[in-house]
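Shared between the two complexes below is chain A, which pairs with chain B and chain C, respectively.
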Partner chain A sequence: MAPLLLIAPCLLFLGVLFLIPLVQTIALAFQVHGAWSLENFNTMSGDLNFHDAIVDTFAIVAIAVPLQLVLALAMAMMLRGLRRGRDIVLWIWSIPLGISDLAAGLVWLAILTDQGFLNTILFHLGVVSGPVSWLSYETPTALLIGIAVAELWRATAIVLVILVSGVQMLPKEYNEAADVFGASPWTRFTRITLPLLKPTIQTALILRTVLAFEMFAIVQAIGGRNFPVIVGEAFTWQYTNQDFGVAAAYAVVIMLISLGATLVYLRVLRTPREQLG
Partner chain B sequence: MKRQLYLTGVLALCAWTLVPIYFLALGALGGRDLVNTFPKPFWPGSASFTTIRDFLAIDGVAAATLVSVETACLTMLFALLLGLPAGYALARFSFPGSGLFRLLILLTRAFPVAILALPLTVGFIRLGLYDTPLGVSLLHTALALPFAVLVSSSLFQAVPRELEEAAWVFGCSKFEAARRVVLPLALPGIAAIAIFAFVISWNEVFAGAVLTVRHRTLTAYLLTVLSESPLHVQFAGGFVLILPTIAFIYAVRKHLFAMWGISNR
Partner chain C sequence: MKARLAALVLAALPWAAPLAHAEDLVFLSTQLRPVEEAQKMRDAILKPSPVPTTYVADVPQVVPTRLAAERQGNTHTISVVGALHGEIQPLVATNDLAPLDTLAAQLSGRGIPPALMELGKLGTAHQMYIPWMQATYIMVANKQALPYLPKGADLNALTFAQLNEWSKAVQAATGKRMLGFPAGPQGLMHRFFEGFLYPSYTGGVVRTFRSPDAEAMWTEFAGLWKSVNPNSASYNFMQEPLLAGDVWIGFDHVARMLDALRQKPNDFVAFPAPSGPKGRGYMPVLAGLAIPNGAPDMKGATALIDYLSQPATQIKMAQTAGFFPVVAATLPDDLEPGLKLAVGAIAKTQASSDARPSLLPIGLGTQGGAFDKIYLDSFQRIVLRNEPVRATLDRQAESLRKIMTETGAPCWQPDAPSTGACPVE
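The block that comes next holds the complex of A and B.
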């Protein structure tokens, strides 16, 4: 009886704040003036920004998430070789973890804006002769790269932290054995570390991908509505247009994408039961 | 040679993390004059905190900061009050459904904030919670609670059961034993949970922006004035947002990994 009493408040709270909004959002999305209808979804898909928002969101996720995984893996491996100063390096590398996506967007706005630090560096290198605009709707590729770089900068830390905690739990014996048999560092990495890390990588990818699809403020700060994303559109419909139904329709789309991505990772990266340590 | 290349790589990645923050700091401290300077200097010239001071003096900023702090403190409180008992239950008892409960907690992270925040607008207006720090903090608690439960359960697991049993032998009630023996030992970790809950709330943008209108959180305030305020004001705002979190990450750095290690399972 005691454990149930202890978890009851927590369970009740999560029930009220997850289940009820979930049901309500779905109801909002599929109802217009109290009657069931798909009109909200029609309005949504008929909107000028809808197509761009879907394409842009997927583009950023497809570019940023794999790069984050590769970079975080490299960082986690580099940490293993560090003798002194590991703590301080790890602290510096995890700083972006505490930085909100809005602040991260402003950081990169300071760098990428017309008269910003990127153009200053390019100016000193003789590449440009004056301020160049990178973030306007006329330069969609530069804008996409800029936002992808900002995402890479901000959210690699969370992947790193998850991977480092996974690396810490790996048994040392396999690597030592491989070392004795003369396996090169690269072989040891691809044949031993990577397969053992698979469950950790799965966790990191699920969490990171779900959060990447929610990307919103970082884009708002850098590109404004020059670069529509799904959550940004949900916000605009809710806040600016005051059309809660269409906003809810967008929320349902994000949820379906998140769930879909989670299922794909669970399936593709599953570890057979006999391999579980 | 190889070692040097390796250390250069480590330093380069440190620079990749820190230099962008430095640039924002330059932009925030340089003020209006620096915004229109090109090429920009890489060193603070007549850097002063006037921009930051001006930013804090803008109508609404101080109030928004206060709302943010209030919301984050409430979130911290709720996450601990609801999360610690549940974490303790997971650590100390085996009960039917404990696996399901753990799974449920993990599942909450797959849900986007948008799907939670949007319908709550209507419900909160009805309950009088709309546009209040309390209302926003309830939603932030939903985001921070899963962390609090999972991390505290791993913390409590690390406290030897024997210590608690010894306290029972000496006549402590179960509650008293948990409070006077387990809690002090787990305190550093609990502080980390509290800080993490604070940061989650402090940084959250979407719910804050949707659920407030006049009593904005700092992130919500910044988001809604993005298009109309001059760049140096935006940079100052970003800098104010970042500064406390750097210290927070330093404070919880030892617990970051325990946190994620356990949520992997």
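The block that comes next holds the complex of A and C.
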């Protein structure tokens, strides 16, 4: 009885603030004027931005998440090798974590916009002769790269923080043993560190991927109407077009994609029970 | 933030409103609602008025409810109602407004444009409200662009064809696309299509949505867009790119260009939006003054409306509220130069012989956003994505028809009146 009582507040919290709204959202997505219908999904898939939103969102996830993992791994390894000043480096690297998405988006907008810092520097270096548009609908590749870079800057730190905590838990004995047998640093990294880190990497990837699919403010600031993403479309349908049903349909799509991504990671990166600690 | 919070709290407290003196005339307004603006209205405009007035500002939904309650309870307190055209419209159907024909005749010397007076009839035979103040959308150009104006073109009577020639000439000379529109996520680009482009080319908005005129219009506009700054898709307020020099010729709501005009009045000119084959479509944002049936102080109400439509009062309104005169007003020499530019452009717009006022959509309720989306999606498909014009218009017309039937909204100006929902022909 006691354990049940102890988890009751948590269950109540989840039920009231998560499960009920979730069920309501799903119901809203499948209803039009109070009757069950698939019309919201038809409107959504027939909208001119739907295809672009799906492609853009997956493109950003496919570019940003693997790069973030590689970068964060490299940074975590560098931190492990540091003798002094480890804390201060980690602290500086995690500054982007403390900045809001929208603020980060505006910072990058100030860098990449026509009269921004990037063009100013390029102009002084003699690379360009005047303001160049990087973020317009006519330069989709530059826009995609710009958003990917901003996303890298902003969200690599969360992967790093998770990996650093995982690295700290790794037992030193394996590495020392490998050292004794003359294994190169690269062999030690690929054969010892990476396999031991797998559960941590799995957690980091699930968190990061789900959040990347939900990216919104940073894209809104940099790309605006030129770079539709799924969550941005949900927002537009809710507030600009005031069609709550279609917004709910988008929310259901986001949920399904997130669930799908999580299941894939759980399956692909699973660690057999006998290998655990 | 703190000030805004305080304003919210104050607005939520009914007793924070100054208590009405029993003998004061009650003026209910949906405009100048924020506490600061309402206070300016009381201090600067109403205090010197010949009629002691209590100014009550409330949200638009309150007006019909309160008038109905007063009618049913047979205790009338409100003598003057000030609201936007679309907010006064529903009061005609409930027979809550007193006809103001005598007052209109009395004010005929003030120089209110006939088109605006006609709007004040709300489709009836009588004057239902007196135009009070207005805002609209205008064009602003950097003076550096003026040398490239096509030969024989009059800036104040520009056509879309001349605008096209002009911006092409600027592009040829500077190598940059210097025409700008507010097509960003928070921009008001949809109003350009609903109130300017469609009325100018087709004479309608809903009825003519997929007409051959509309087809020709979109083709021409896609041509014009070739000299438009591609960052237009991110512009929300044109004053910023105008001030930065990214754009030399821009279109937007006057309130969203005012900063540019105020900061650098010597660098810019302001002028009416261009005209097309069917006239100079423009979207007046018009507020009017009406007197409810059974108003307790009929005489005071007409005197107050008379006072509010005096040129001097209207100029003071422009200075305090950013809404502009509807009457012919000689601007004082010491008027802020930026404001003077804006007032001039608005006056020229409505005084132009081919003006075709086109109203904000009426009767769409919560479907307003979906209605705007029809025009923005057509723009995005035809102009930004080069999709075929005819097929796009036919496809979008289906969605438009659905909105009109669902809301049952009858046609509004510039479309010809309809019985029942406005048809897409």
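Assume the second predicted complex is superposed on the first by the 271 of 277 C-alpha atoms of A that agree within 3 Å, B and C clash if a C-alpha of one lies under 4 Å from a C-alpha of the other, contacts with A are read in each partner's own complex, and residues count from 1 in each chain.
In this text, contacts are C-beta pairs under 8 Å (C-beta built on N, C-alpha and C of every residue); 3 or more make two chains touch, one makes a residue touch a chain.
Just so it is clear, the structure is predicted and the values come from calculations on it, not from any experiment.
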Inset, instruction - Applying the touch criterion given at the start, work out whether A:138 contacts chain B, chain C, both or neither, answering first, second, both or neither. - result: second
Inset, instruction - Using the touch definition from the top, say if A:115 reaches chain B (first), chain C (second), both or neither. - result: both
Inset, instruction - Would you sort A:231 into first (chain B), second (chain C), both or neither based on which partner it touches? - result: first
Legend entry - chain B versus chain C as contact partner of A:199, first or second or both or neither: first
Legend entry - chain A residues touched - chain C or chain B, whichever exceeds: B
Inset, instruction - Check whether A:207 is in contact with chain B, with chain C, with both or with neither, and answer first, second, both or neither. - result: first
Inset, instruction - Return first, second, both or neither, reflecting whether A:220 touches chain B, chain C, both chains, or no partner chain. - result: both
Inset, instruction - Figure out whether A:256 sits in contact with chain B (first) or chain C (second), or with both, or with neither. - result: neither
Inset, instruction - Examine A:243 and indicate which partner it touches, taking first as chain B and second as chain C; both and neither are also allowed. - result: second
Inset, instruction - Determine, under the contact definition given at the top, whether A:100 touches first (chain B), second (chain C), both, or neither. - result: first
Inset, instruction - Would you mind listing the overlap between the chain B footprint and the chain C footprint on chain A? - result: 115, 130-131, 220, 224
Inset, instruction - Write out the stretch or stretches of chain A touching chain C in their complex. - result: 47-48, 114-115, 130-131, 133, 135-138, 220, 224-226, 236, 240-243
Legend entry - Footprint of chain A on chain C - complex, ascending: 176, 183-185, 230-231, 233-234, 244, 246, 366-370, 372-373, 377, 380-381, 384-385
Inset, instruction - Give every residue of chain B touching chain A within the complex, in rising order. - result: 6, 9-10, 13-14, 16-18, 20-21, 23-24, 26-27, 35-40, 42, 78, 81-83, 85-86, 88-90, 92-93, 95, 98, 101, 104-105, 108-123, 138-139, 141-142, 145, 149, 174, 199, 202-206, 209-210, 219, 222-223, 226-227, 231, 234-235, 237-238, 241-242, 245-246, 248-250, 253, 256-261, 263-264
Legend entry - Of chain A, residues touching chain B in the complex: 2-4, 6-7, 9-11, 13-14, 17-18, 20-22, 24-25, 28, 75, 78, 81-82, 87, 89-103, 105-111, 113, 115-117, 119-120, 123-124, 130-131, 153, 161-162, 164-166, 168-169, 199-200, 203, 206-207, 210, 213-214, 216-217, 220-221, 224, 231, 234-235, 238-239, 244, 247-248, 250-252, 254-255, 258-259, 262
